[in-house]
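In what follows, structures are represented as structure tokens.
Each of the next two complexes has chain A plus one more chain, namely chain B in the first and chain C in the second.
== the complex of A and B ==
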């Protein structure tokens, strides 16, 4: 047994002829912020999509809490303690902010459809606890004043915060954040960094995909670099920053982009 | 949805009513509900030239198409409006309920009250059989599979013996009297009251489901099925529940219908029924129970009210639909949810 809450081993993911991930090894432990960086199209989001069960990998292993989760449906994996946010915000737009968070809280509850229909004692307890937990998380994320608004009407920044609140409602062990700072101003980025550190200190294992290098370098305990589906470097922020392959990969992308 | 070209000041029925409703006290709400329900029960007696239908019997119209449309549209709304599952074969459940009562009533002498429950059970069973494989599919594929299901049930009914084949079944027994109410061939009112009672029961169950966990699960699935999975929602299970509950309501409606018309043929259960009920849902306001019920009642009522126009009424009806869909593309009472107010600490909803 290791303290690695999430670990992927030799993960390969092919889409038809495209190899999005090739023999990738990654891990995150309790109380750790591991960052996953790399140029666009490197395969970072694909790592999330495979570990959350959306895609079945072509080969390799995914272990959550030392238990293989390959072949499990995403909702089963989510309930085992893996929660995520999305690169492009994906909220339940026509539901209120509070209801969005409640969907995650509900997944921890027992009540079924029949129980809900007849309003059993279990159903009442579960409803109350979902409401309560959602309210707490909105407070924690500083968006409780948005509770009753439809998610689609929230300002962009609050939508991103809501996504994190919704993920936390699953009471996960591992939190996967896909570019959570995208579109944030410097002040908001600092606040987000503080929040992520707070989550780490609370015992979550955080796997963070992020393009903002100063944020990544400031808060990460360990950084892994993907390029064309391969892990080309791993280490402390300063090790990675001075790694020639990493510098080349980023400069190479700058060449393509220009 | 498309943007509307005709610009008409927005008459937002939903918000007007919503504002008023939120300002009422608990007692006022109870009184309002009682009055409304009483109004629907005495509706058959309000047959006057303004309200009623002159060319056809008002009580008949209240039972069919109005009552039937409303009940079925509420059922289909759970599937299409609430959960976002496009079902083009809803008629199958209606047919299963109708044939259940017809066959068990005629061949085995089972009474209607048993058959309506069995009809719902068989419809649910059929829903599981179809739903388990079909609900893995989405969008167009699912629509085509369900459309096929509707047709298959009708074609089976034509081609097997126990359904009476193409000639159908006649002499289907009426429900035995209940609470002193007799079900007679020449009086549609008791049947209307029966549909109304069923509808109220369905609404009661529906309202409890949608404001609790299942409702949130269904909405999440409608909004983004993948994300719903990632949030730990067993999407297949909840979609199957929606499908099966919608099916049960269709089955119950079918049994009631068969008991009133006393004879059924497979051709009654063609694609048009599915389309019509779907039209009720879309026209009324997908995902909003009150919109759907109101829309279904209107779509049942208008062709009868306009009967004096004889054949051109269908043209008028079509025009009305086109105009409505332009003015209110999201339906008469759109689903657009109202914002709510929650207690910041407990997350409980509070009235403003």
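== the complex of A and C ==
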């Protein structure tokens, strides 16, 4: 057994005749922050969508905790320990902040959907444990004062924090963060970096898509670079920064012959 | 037109409007809940109600009521009526779940557009109506009078009778229970999460197929209970009983804002009152004209209803 909590092997994804991902290999281990970078349209979000089960890949393997998850329904994959946030915040806007997090926490409970209707002792215990866990996570993210507000009324930064809290409520092993720093000011980016490092130290495997290079280079243990659906480089932040193919891809050099 | 009746009979019309509205509300909730999770008008929902009325009738037949008995005592009535209600709720609830599997689930899995599902809904509705036309000989079926309907007490011009009290207490109790489920349980959060953003709900571990199935179950159970109240109040049914009642409940849901639960309740009571008062003024024959007029006017001028989202989104 490897300690790779998430591993993507030879992943190819075609939409009609368009190849969005070609033979991509990635992995994230326990207690590691891996970053996935690349120009717009390189296929980064497609990696997330395949990994979470939203798309079935044309070929290749996705292993979560050394177990193939290809063909599993997305909600099963989520319950097996994969949680994500979104590039454009996607909260349940008409639910309160607390309820958003409880929705994530619910899938860890014993009582099923139908059982929850009947107010049995177990269902009340579950309801309480979802409530407690959600309150703790809001506290951890520093937004417990927002608990009773509707998610859509939260300021933008708190909405992003809420998304992370909701993802953590699933008790995931692997956390996929899709541009978590988008729209943050420099101070907020520093705080976010600290938070992500804290999550890593708590034992999560973090896979990060991010455009803010200073943040990526500061916190990542390993960086993978996608361009036109192919992985063109991988290594420590400093290795990747000095890689000629990466520099070409970002500067938009037409000739890839190097 | 006689407007003086509105004044002289105000309390009576008001009471009946609330009673009728309570029955509409239980049916309207089924439309609005299913619309919430699927963005689909379940046009076969009225037939789920119709099926419930015949389940009620079936129970009284099995118990040996012929319709010529003296009304039974309150204790025996309650036991009998609870049995009738439970059977109707089970029949309608399971029929609604079956309907989802047969008429909608495969289309949804294949990613068919909502128009296909809408056509499937109308097809399922026709199927059930015609099936029950055959099974029931196209006849009017009378429901035995179980309860003494003499007035218990009067409030102004309103005669408060036991059946109206049963409907009101039962319906309000059920609405309260539903509110508790939607606001304070895992299933309720699942239903709301799927209604607001299905794809995200899935990624938060919500089993959408189950949430949808149980939404149909809840809608069906409410329609089943509504059918028992309807039979107690109107004491007759027919294979096409669902059509006008369904249109009224649907209008109420649209009036309140489709997809909005509290809106469905408000719309139902509003429509019940409007129907009673307009019938008193214009004559009973105008009741359905008024209903359809409201439906058209809401769709034209206030498609979001009082609280909800535009019904037009359902057409995508």
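Just so we're on the same page, the second predicted complex is superposed on the first by the 250 of 258 C-alpha atoms of A that agree within 3 Å, B and C clash if a C-alpha of one lies under 4 Å from a C-alpha of the other, contacts with A are read in each partner's own complex, and residues count from 1 in each chain.
Rule of thumb we're sticking to: contacts are C-beta pairs under 8 Å (C-beta built on N, C-alpha and C of every residue); 3 or more make two chains touch, one makes a residue touch a chain.
On a predicted model such as this, the values are computed, not experimentally measured, just so you know.
Enquirer: After aligning the two structures on chain A, examine chain B and chain C and state clash or fit.
Expert: Once both complexes are aligned on chain A, chain B and chain C clash.
Enquirer: Between chain B (first) and chain C (second), which does A:150 come into contact with in this model arrangement: first, second, both, or neither?
Expert: A:150: touches chain B, not chain C.
Enquirer: Could you look at A:139 and tell me whether it touches chain B, chain C, both or neither (first, second, both, neither)?
Expert: A:139 contacts chain B only, not chain C.
Enquirer: Who does A:84 touch here: chain B (first), chain C (second), both, or neither?
Expert: In the superposed model, A:84 contacts both chain B and chain C.
Enquirer: Check whether A:234 is in contact with chain B, with chain C, with both or with neither, and answer first, second, both or neither.
Expert: neither
Enquirer: Looking only at chain A, is it chain B or chain C that touches more of its residues?
Expert: B
Enquirer: So in the superposed three-chain picture, is A:96 touching just chain B, just chain C, both, or none of them (first/second/both/neither)?
Expert: first
Enquirer: Output check: A:109 vs chain B and chain C. Expected answer is one of first, second, both, neither. What do you get?
Expert: both
Enquirer: Classify the contacts of A:191 with the two partner chains as first (chain B alone), second (chain C alone), both, or neither.
Expert: neither
Enquirer: Please report the chain A residues shared by its interface with chain B and its interface with chain C.
Expert: Looking at chain A, the two contact sets intersect at 52, 54, 73-75, 78-79, 83-84, 86, 90-95, 99, 102-104, 106-107, 109, 111, 113, 116-117, 123, 126-127, 130, 166, 170.
Enquirer: Touching residues of chain A toward chain C in the complex: what are they?
Expert: 52, 54, 73-75, 78-79, 83-84, 86, 90-95, 99, 102-104, 106-107, 109, 111-114, 116-117, 123, 126-127, 130, 166-167, 169-170
Enquirer: Would you pull the chain B residues touching chain A in the complex into a rising list?
Expert: Going through chain B, the ones touching chain A are 205, 208-209, 212-214, 216-217, 219-220, 222-224, 226-235, 238, 241, 335-337, 339-348.
Enquirer: Taking the touch rule as given, give the residues of chain A at its contact with chain B in the complex, in rising order.
Expert: The contact residues of chain A facing chain B are 52, 54, 73-75, 78-79, 83-84, 86, 90-96, 98-99, 102-104, 106-109, 111, 113, 116-119, 123, 126-128, 130-136, 138-139, 144-145, 147-150, 153, 166, 170.
Enquirer: Can you check the complex and tell me which residues of chain C touch chain A?
Expert: Residues of chain C touching chain A: 181, 184-190, 192-193, 196-197, 199-208, 210-211, 214.
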